[in-house]
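These are the structures, in structure tokens.
Paired with subunit B in one complex and with subunit C in the other, subunit A is shared by the two complexes that follow.
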Partner chain A sequence: MTTALRDMIANPTTAELELVARYGMQPEDSRRERLFEAFCRTGLPHRRLEAWKWTDFKAALQGLDRPSTSPAQDPIPHAGALVFRFTPNGYFPPDHIPDGLKVFEKDEAQALGAAEDVPLGALAASLSGGKARPATLLLEVTSKELPRLHFQFSGEGEANFARVVVMVRPDMALTVSESHLGGAGLTSSVIEFTLQKGSAVNRTVYQRGTPEEAIASTALVHLDSNSHFTQTSLAFGAKLARLETRVTHQEASAKATLNAAYLVGKDLHADFTTHVRHGANSCVTRQLTKGAVLNGGTGVFQGKFFVPRTAGQYTDADMQHKALLLEEGAVVFAKPELEIYADDVECAHGNTSGALDDDQLFYMRQRGLPEKTARALLTQAFVAEAFAEAGALEEVLRTEAEAWLAAA
Partner chain B sequence: MDCCGGMEDHDEDCTEVKVKDSIAQGTVDAAKALESEHYSAGFITDIEMDMAPKGLSEDTVRFISAKKNEPEWLLEWRLAAYKRWLTMEEPTWAMVDYPTINYQDYYYYAAPKTGAKYESIDDVPKEILETYEKLGIPLREAEVLLGVEGAAETAATARETPRVAVDAVFDSVSVATTFRKELEKAGVIFMSISEAVHEYPDLVKKYLGTVVPQSDNFFATLNSAVFSDGTFVYVPKGVRCPMELSTYFRMNAENTGQFERTLIIADEGAYVSYLEGCTAPMRDENQLHAAVVELVALEDAEIKYSTVQNWWPGDENGKGGIYNFVTKRGDCRGDRSKISWTQVETGSAVTWKYPSCILRGDDSVGEFYSIAVTNGRQQADTGTKMIHLGKRTRSRIISKGISAGKSNNTYRGLVSINRKADKARNFTQCDSLLIGDRCGAHTVPYVENRRADAQLEHEATTTKLSDDQMFYVRQRGIGEEEAVALLVNGFVREVLQELPMEFAVEAQSLLKVSLEGSVG
Partner chain C sequence: MRTMLKIENLTATVGEEDAAKTIINGLSLEVPKGEVHAIMGPNGAGKSTLSYVLTGRDGYEVTGGSAKLNGEDILDMDPEERAAKGLFLSFQYPVEIPGVPVMTFVRAAMNSQRKARGEDEISAPDFIKKSREIGKALKLDTEMLKRSLNVGFSGGEKKRLEIYQMMMLEPNFLILDETDSGLDIDALKTVADGVNAMRSPDRGMLVITHYQRLLDHIQPDKVHVLSKGRIVATGGPELAHRLEKEGYEGILGEVA
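What follows is the complex of A and B.
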């Protein structure tokens, strides 16, 4: 069977062969097989696939090598949070699980909807598991008062995979944070959120990596009626970092807020990809992505709103992507896409990229600020807009962004 | 899959299309007027044709080349393209869906048996005369159009300025080209490409395939192998072409493919405005149209290229219609050159078309103005590419897509700023309007920026659309959206008024379609 799967991958690289070998070591499981098959249809995604044209994992990952660099420090506070850590060698849950949260550590893989659309998510779901960790970590939220859940994906090794499923019961609320800190040649995680009627989730994602590692985070979000999903992401990139969020408005009057910022330096690459399906009436999506890129860095934004016929009437969706190229040699690629089959909708998108506004710089300089300070201040203000919905973690993200800008 | 994107709950039987209240009745009526039953150019001309054997093979390529008595180098060029084409795959990335095309089912060459040039108006076959009359071209002009010798002078005086010189392409051949002599006086070469191959082989050889290479894409390569006729224009240094040039493409014969190839060169400091119009009869089979248009603008030159595309779109059930797979590209080769594309797209069953500009020269300018209207079962995937290579290059993209009936309309565009394109500038605005609840409107813009000092805006603000004009219109009390629509439509209208063809009226009716309630 492993051979047949391997043969599905065209011209497999060493990294892909190693992934097939890892799959061979997993216990037999028909769901797992289907997931791995979904991955094998494309192999490591590459530029010939439309959704990956600017983020080519196949070319970037020749082998699954342990980087010489250490994982980044986690700036998100662990104190007061329920911390779940995933490393290449194991899984470490919190010592104490409070009422209102049920934890199921499943040894079997769970089916993943639309696995073909998220090859790296399917990979994470099929290779998560084995002796040291659950194949699927299932969490059920039945409270509004839980402490923040924190998922950390970090640790040295060749590869790190994780699969988490979060179910939020009707009218419940949850704050969740994630740190994707690298340390392995390839880190890939897939996390699913199901927000039942009237529930709310506030998710914060932090990503930092080095030019020696690839990081992929795939989130699948299902929204029931009147639920509200808020997401704030900050990415510094890696050799390749892809933070992908796919949201489905399944029932009427759900709301999604997707904010993100990328700050990318030399030899780093950060990719924000989102896909929002307005599969029900009167749903709202607000999306704002800000980016700043230095010489040698690459920022990618791909957003798509899909509004099907009959289902998506009265959709109200807005997508904005604004990027600053701070130095020559910076690269920004953007594809803000709309696919609309319903006629009574309001969908808009905006996309700008360029340098800091000369007029604003002039204004600040004539107030006596040195150019470097003026630039840093303007860039901070530009980026910080994306953090406004992060709640208690807004300050953490802001501080991280400021530190980066000060060093840039 | 139906044309509307595989919506599971699609009710095929219901023919009533619901339109939301906020859309003005005038807009709905204007769109309705474009439905297939109103297609006025859908008649068939019954005339004896000289055809190539059906199907495509190396022999077909040789047949076409021999018919045109082409030099050896061009035959080799065609054959190389044909060999390349055999190794290529038809692109599938566009948001269009049509049955697999059997390329062996088409005739790749069809010409009226009677030939091309006529001594007197009496010799002109009645059928051809009637064809042009029916298309709304007055007799005097038709005389000119059909190349009756001596008619040019009278027609020229009969018609007020601006005059338009016409190259009429009927299926695979150019039937006639008007005003050639007068243009020659200005040094402008305006003739069919088949003639140019013989009369100006050096020019053709120098520029053919330099903007759209033989191997560019599946359809362009097919065209390179079997292209039949098209227009060749050369405007020499410093010459402002004294009149509008135009080509009128007519597909008539059954099961044919039309593969025209147009090549326009504006030498240093030259200016030319070129118009292109297309119609075809209403037939139940799909006809294939795979054209290549190459524009070259040298230093300080300007080319304005306008299209009114009104190929038969098929009936309301999607039967018949033209597959319009066109590669159009302009190369702003010289500094300060400018290429401007304007298109009004109302026809074709399937459109796959991206008129593009390669902004190579420093300070060169590219523009793309488009109104695309789809109705019935039409599918259009159209847009542009602006490739900024030179310093301080500027581009502007204004695209309005209007979908009605059960159609799908996609804007697909690329703005690419190269590392050496200092201070490049782009403004893009693409609005879509859905009329009814059974159609689709899509926007797929790609923006690649590799310059920090570039300034790129995609629908971010409307004030960047010629600030002065906007200011003028707005201070007259006109709202921002209306002002933008007015300016865009004003530009298009100006071009349409120059069109000597009946369907210009039809295209103008498009401008009555207001753009309120736009999405994206």
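What follows is the complex of A and C.
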């Protein structure tokens, strides 16, 4: 059976063969098998797949190697939060689970809808588990007053996989943060949020890695009526870092806010990919992505709004991507897409990339700011706009961005 | 020596090398300490170019002559060095800086200038006190000063913010580039009051304007007429009135 799956992967690399071997060591589980099969249809995603043309995991990962670099420090505060840590060899839940949160550590894999669309998510779902780690961590939220949940994906090793499913019951609310800090040659996590009627989630994602790590975070978000999902991400990239979010408005009058910033230096690559399906009437999506890239760094933005003809009337959606190329040799790829079949919708998008504005720089220098300070201040202000919805973590993200800019 | 700004036989071009155009063409001018000089001229005479050349904007190349502030050649300095030496340009079109609040910006500018001059930074309470006093005089409330610089401000508010920055930074030489453009009479008066409050025996000013109107509010000691990149006539305030009556063509026809 393992052999048959392996044969689905065209020209398998050492890394892919190692992934197949890891699958072979997992307990028999038919759902797990379907997940791994979904992964094997493509293998590690590569540039010949449209959705991966700028972020080629197959080429980047020759083997599953332990990096010589250490994982990044976690700037998101752990104090006061319920921290769940996933490392290559372990899983560490919080000591105490308060009322209003139910935690199910499942040994079996759970089905993953549209697994073929998210090959690295399918991989994470099929290879999480074993060694005292749940195959699926299921969380049920029945409160509005929970402390922030924090998921940390970090730790030294060859590979780190995790799968989390979060169910937020009607009219409940949750604040959640995630840190994707590398440490393993390949880290892939998949997290699903179901927001039932009238509920709200505010999610903050922080990613940092080195040129020896590949990091993938896949989030699948299902929105019932009048629910509100807010997301703020800050990525510094890795050898490859892919932060993918797929949102489905499945009942009327849901709202999604997707903000992100990428700050990418030399030999690093950060990819924000989003897919929003307006599958119900009167749903709202607001998306703002800001990027700043130095010489030798690569930023990728792929955004898609899909509005089918049979649903999605009165959609109100706006997608903005703005990138700064801070130096010669910085690279940004952007593909904003609106695919709209419904006729009564308001969809807008904007996409710019360029250098800092000369008029602004001269104005600031005329008032006495040295050029470097003026550039840093302008870039900070440019990026900080993406953090406005991050609540208590806004300041943390802003400080991280400022520190990066000061060192750039 | 009472001369503050001394420009001698200045020539400057705009544009890329092969398409460079000479805009300032042998301009000489002296502004002594404590005096306000007006530069008037028709469109295309080189008024804004002069202000940019003096403040060091990229894209303008000095091809000859010199410009000294308090005896120091400024043309080789970076714009921020010139600012630290006390040179201030009030922009015809103040630039919007989204995400940078007015007070944050001015405090950063002030402290950068102080650092460049080897002075201590201003303390936060001193800065806020000074800002409040100046804001009050210019009818700018503190809430406005917390907003992003020039973003969403009216034309008149932007000009008042220029004067606010000028009064906060206390430069010793001011260039006002078309400060009256886009202002109604009330706003013009507020701005002129601010500029007049800056007049001092230790400070020089160059007021660049197309119309005589501003000079009713800011009385110049001397008026220079700029045409084709050179000063072609110099006189007292009465010259501005003559220009208003006879137009540039009348005066320029006479000197030609």
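One rule holds for everything that comes next: the second predicted complex is superposed on the first by the 408 of 408 C-alpha atoms of A that agree within 3 Å, B and C clash if a C-alpha of one lies under 4 Å from a C-alpha of the other, contacts with A are read in each partner's own complex, and residues count from 1 in each chain.
By our rule, a contact is a pair of C-beta atoms (placed from the backbone, for glycine too) under 8 Å apart; a residue touches a chain by one contact, two chains touch by 3 or more.
Small disclaimer: the values here were computed from a predicted structure and weren't measured.
Colleague: So, A:A173: does it touch subunit B (first), subunit C (second), both, or neither?
Modeller: A:A173 contacts neither subunit B nor subunit C.
Colleague: When the two structures are overlaid on chain A, which partner does A:R365 contact: first (subunit B), second (subunit C), both, or neither?
Modeller: Touch status of A:R365: second partner only.
Colleague: Figure out whether A:A342 sits in contact with subunit B (first) or subunit C (second), or with both, or with neither.
Modeller: first
Colleague: Between subunit B and subunit C, point out the one touching more subunit A residues.
Modeller: B
Colleague: Could you look at A:L378 and tell me whether it touches subunit B, subunit C, both or neither (first, second, both, neither)?
Modeller: Only subunit C is touched by A:L378; subunit B is not.
Colleague: Looking at A:L17 after the superposition, I want to know if it touches subunit B, subunit C, both of them or none. Which is it: first, second, both, neither?
Modeller: In the superposed model, A:L17 contacts neither subunit B nor subunit C.
Colleague: Pick one for A:L49: touches subunit B only (first), subunit C only (second), both, or neither.
Modeller: neither
Colleague: Which residues form the common part of the subunit A surface touched by subunit B and by subunit C?
Modeller: none
Colleague: In their complex, what parts of subunit A are in touch with subunit B?
Modeller: Subunit A reaches subunit B through residues 50, 308-311, 323, 325-355.
Colleague: Quick one: in the complex, what on subunit A touches subunit C?
Modeller: Touch residues, subunit A against subunit C: 357-360, 362-371, 373, 377-378, 380-382, 384-385.
Colleague: Under the stated contact criterion, what part of subunit C meets subunit A in this complex?
Modeller: For this pair, the touching residues of subunit C are 55-58, 78-80, 82-84, 88-89, 91, 94-100, 105-106, 108-110, 112-113, 116, 148, 165, 169.
Colleague: Under the stated contact criterion, what part of subunit B meets subunit A in this complex?
Modeller: Its residues touching subunit A are 4-5, 7, 9-10, 19-20, 93, 95, 419, 432, 434-460, 519-520.
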